[in-house]
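You will see two complexes here that share subunit A, one where it goes with subunit B and one where it goes with subunit C.
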Partner chain A sequence: MAESLAPALDQGAGMPPTRLAAYRAVLSSRIRAQRSYRANFYTDLAGSFLIGFIELAEVWILFHNVHALGGLTFRNILLVFGIADLAFSVAQMVFGHVDRMPTFLRAGTLDVFYLRPQPVLLQVITSEIGLRRLARALVGLGSLAVGLSLNQIHWSWANAVLLLVTILSATAVHSAMLVWAGGVQFFLVNGAEMTNAFVYGGRYAATQVASVWSAPLKVLFGFVFPMAVTAYVPALHLLGLPGPAWLPTWLAWWTPVFALWMWGLALFTWRQGIRHYQGGGG
Partner chain B sequence: MNEAVIATRGLTRDFVRRTRSGRLLRDRTVVRAVDELTVTISAGESVGYIGANGAGKSTTIKMLVGILVPTAGEVRTCGLDPLRQRRQLAHEVGVVFGQRSQLWWDLPVRESFSILAAIHRLARARAREREAELVEHLEMADYLDTPGRQLSLGQRMRAEVAAALLHTPRLVILDEPTIGLDVLSKQRLRDFLLAERRVHGTTLLLTTHDMGDIERLCDRVLVVDHGRLAYQGSLDGLARTVGAERVLTVDLAEPVADLTDVPRTRHLGSEGNGIRQRLAFDAEATTAGSVLAEVGRRAEIRDLTIEEPDIEDVVRRIYQSQR
Partner chain C sequence: MPVRLLPYWRLFLAGVHEQSTYRLAMLGGLVANATFGFLKVAMLFATVRAAGGTLRGYDIGSMSAYIWLSQGLLGSVNLNGVSDFAERIKTGDVAVDFSRPVSPQGAAVARDVGKAVAALGPRGVPSVAIGVLVVGMTMPTTAWPYLLGVPSLAVGITLSAALVYALATAGFWLIETRGVQVLYMVVSGFFAGLFVPIALFPGWLAAMASATPFPSMMMSPIDILTGRVTVARSSALLGIQVVWLAATVTAGLVLTRAGRRTLEVQGG
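Coming up: the complex of A and B.
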């Protein structure tokens, strides 16, 4: 569209701002606000980095005691951890505040979003941006880089594309998890405990070796909330290792489909929630 | 020209309350918050929507703007379906919820306004002009650079009103706009709303417990009780419907015996041995003039005041008569 091709024009006095201007205005104000409390921001960054680092250390300690788990060594698992944590951190950065829905619902903040001419979900998503999560994404990225260099990977175009598609799809899956959890909050009072089990449990599952899971767990985090296919299965594919029962490595190419499924579920849940909304009292 | 800005027919909303009974069972009770509400508000009208707490006022408003889905009935706001066309409607309506904030708590008021201008896609020049107008009329110039969280209640309320009216909506809905404000702030806000209506032809719908708001701002009232419309019409008519009395206080030249024999009045009391006497009368049954004439025949009147019926009292009577 012409409006996106000419960003300078919407600064003109006579032209109405574009559709995107609303989101841009909110987001840039959020970034300014975070930067204006510098000390606070740096502490947040450090805290976020530490959390990512501890998650990684946990994996390292586990593998320090066993040489291999489910057929994977520490080097191999760095690749899984890297993809999963990078995707999760980016999703958290952009969509993370959707998990403030219980507060929005209780305080009636959501009512205000209904009064504005944008989709409520997009407003919730763009109401904040968690820049501090960049630090944690960095841990994921570092782990991924080390994993890629330490492992024997046959670099073909196909594998390079697979890696890129995997990272994008994995980010989409984790983002959709957050939106799904936000949608569920409309129906539950203080439902965050329940959904956190899936969102944060899902993140944990995504960094793990899925071959050691029991069948029900494989169904839950392999297909319903498709965590295993966001990092573990593609990593196996890149490493040229065989997949365990139920999770063949050709599924690695199916991550975008799983991302679509997860977004479908998320948007459906959200839509039902919006309809179900009871108003924030008062 | 007189199109309906708000039109509802049989508008109803139920809430399901679940209460625990026993270990696993839960009781399901349906509470009807709004019960078959049918109202029409025309363009340019100013309507007061009054009722006790929990009478269904906020629920109605939320259905008018597409926040809540009605259980039954129809609703059209600015000719639009609030659910299906919520985003389009948002450009036409400005809502001030006394208990919710449109402002960003950590941003200067000025910045909140520019974000809202972008949200409503107002052209730069248009937004600047409107903002200047609002800042002047609501006297906000000296706190535009103050972050939302540091505003006093009166300042915040004015900023909230400006935030809701920045896009010059056709319909403005105010939910308890003057709650907690001092007399002066209330006055300023009312004057602003009157001017806004005069200049832009804005339609106003406001809920309030403050009868001063209704008297100053509204030409029609809707009284809602337990989700049902208990009365709609003029404020005078409301007083007449429930037969509220006016009270005449007379100061007399010298003490006289209690004036209990003035026709169609009720003697309320005397002070100073009968120098000051208070008489209640029904404006339908007699006039202030004839009461005065009757009193004048009995004693010399030095001064007098007439009190209009207290509206809160009137509303209370409506509630009682409905039970």
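Coming up: the complex of A and C.
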């Protein structure tokens, strides 16, 4: 890897390297590294696409058996699924590497990150970028596009802005979930499944019709981990449908606030974790 | 017990101990099982209700039984395709396995089955308990489903370990098998009936699922245990499971032999 880093760092020869040069060098080397096992890279891409596709199929099968669920038809749910899955895949592509925190912690790899003069979180994120997840984002994007064209949506400026703000906020929420989960790993060490319940459970929840949820689920995935308010509720608003109990559609405009809440929680947890860490030995 | 089988029995017990050591991981797994379980309850109950109370042989009670049994089996049936053996091929440690006086396949499968059995207590039982106590679920009151269901469960668990082993042997040729593992994870969960029971699939998709070994890992044991299928159908399902197990073990054996010839370990 040292060799592959050299050319990127040399580009600034003669001048002091900019602050971003190191990140750029690492990222481009990670991208090249992923493509070096070619057969694996292509099966990775195919697998990633298939994940999104099958998750959509699982939703479709339910609607194949009944016409409407919780007040939504399959056309309607395509919109919810599209927003949620697109946001989740983009978040996974950029922040997905935080998922490997348990390995970093157990193997003591994290100690190296502490020694470098850059924030640990930024180093963990840039130590890999999951290109294969682009394939999955395509499924989300496709579902969103079909959902937007098949449904009767009144295209005002307000609705267009709402859609854009929703996608950005939802991506921020799913990214923050990964950072939060990474922060919790400092305390759990070997309990990744505990946070998976909310990170991946959250993705599953975000693509659902939240009106069928029990009250505890509405609290957990409606507000604490704001999944329903960043996909289902804005979709209802775009479709001009009324919201169920606890999830009124005016909340659709509050998605940035929920994203801020989730990032606040994520950064707080991450900082606590960083302070708690005692080193992996060795 | 014949002396030849003794090492595998010991490896099985080692698997049981290994799995029992990680208590916090078990708790984490249980939290995940329960969270996903409640989300499945919400969607699948709503589907059954929207269909008028019964859907393809499921009512609320039997749908609940499907949900909590499938969640309880998640710690024991390997639906992610991740295995230690794949990692050992990648690192070259497999060379050590080949020099041992036991079959690498037998050793890997015995250990994984041990881990799976150990997970039934702390992950399987609480999941079913949530189903019974919090949500409510219907289980059969006759003996047949349990008499056929327990061996079916044992075959399902062993089949999943044997399949994941066979998958790992791809590493002899590919080295990095993460892509193959991800493909396996996606397809196996879907066709094993993890998120949606196969009975709800449209006909052509259900036919596709039954052409794979995946329903034999999870859907068949659940269908038998919950008494959703008749005794005759249960026996047939168990028979199909045994055939898949035999085929998978044979495939694993052949692939190991072929892989051993191509294996190149670098460094030293």
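Quick note on the criterion: the second predicted complex is superposed on the first by the 270 of 282 C-alpha atoms of A that agree within 3 Å, B and C clash if a C-alpha of one lies under 4 Å from a C-alpha of the other, contacts with A are read in each partner's own complex, and residues count from 1 in each chain.
Operating definition for what follows: contacts are C-beta pairs under 8 Å (C-beta built on N, C-alpha and C of every residue); 3 or more make two chains touch, one makes a residue touch a chain.
If you're wondering where the values come from, they're calculated on a predicted model, not measured in any experiment.
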- Figure out whether A:M177 sits in contact with subunit B (first) or subunit C (second), or with both, or with neither. neither
- Message: Taking the superposition on A as described, I'd like to know which of subunit B and subunit C A:A259 touches: first, second, both or neither.
- Response: neither
- Partner chain in contact with A:V112 - subunit B first, subunit C second, else both or neither: first
- Message: Looking at A:V26 after the superposition, I want to know if it touches subunit B, subunit C, both of them or none. Which is it: first, second, both, neither?
- Response: first
- Spot which of subunit B and subunit C makes contact with more residues of subunit A, would you? C
- Message: One more residue to check, A:Y277. First (subunit B), second (subunit C), both or neither?
- Response: first
- Message: By the touch definition above, which subunit A residues appear in both interfaces, subunit B in one complex and subunit C in the other?
- Response: none
- Counting only contacts in the complex, subunit A reaches subunit B at residues 11-19, 21-22, 24-26, 29, 33, 108-109, 111-112, 114-119, 275, 277-280, 282
- Task: Can you check the complex and tell me which residues of subunit B touch subunit A?
- Result: 15, 58-59, 62, 65-69, 86-88, 90-91, 93, 95, 97, 99-102, 104, 106-107, 111, 114-115, 117-125
- Item | Touching residues on subunit C, where the partner in the complex is subunit A | 22, 24-25, 27-29, 31-32, 34-36, 38-39, 41-47, 50-51, 55-56, 174-180, 182-183, 185-187, 190, 195-196, 200-202, 205
- Item | Interfacial residue positions of subunit A with respect to subunit C in the complex | 37, 39-44, 46-48, 50-51, 54, 57-58, 61-62, 64-70, 188-198, 201, 204-205, 208-209, 212-214, 216-217, 221
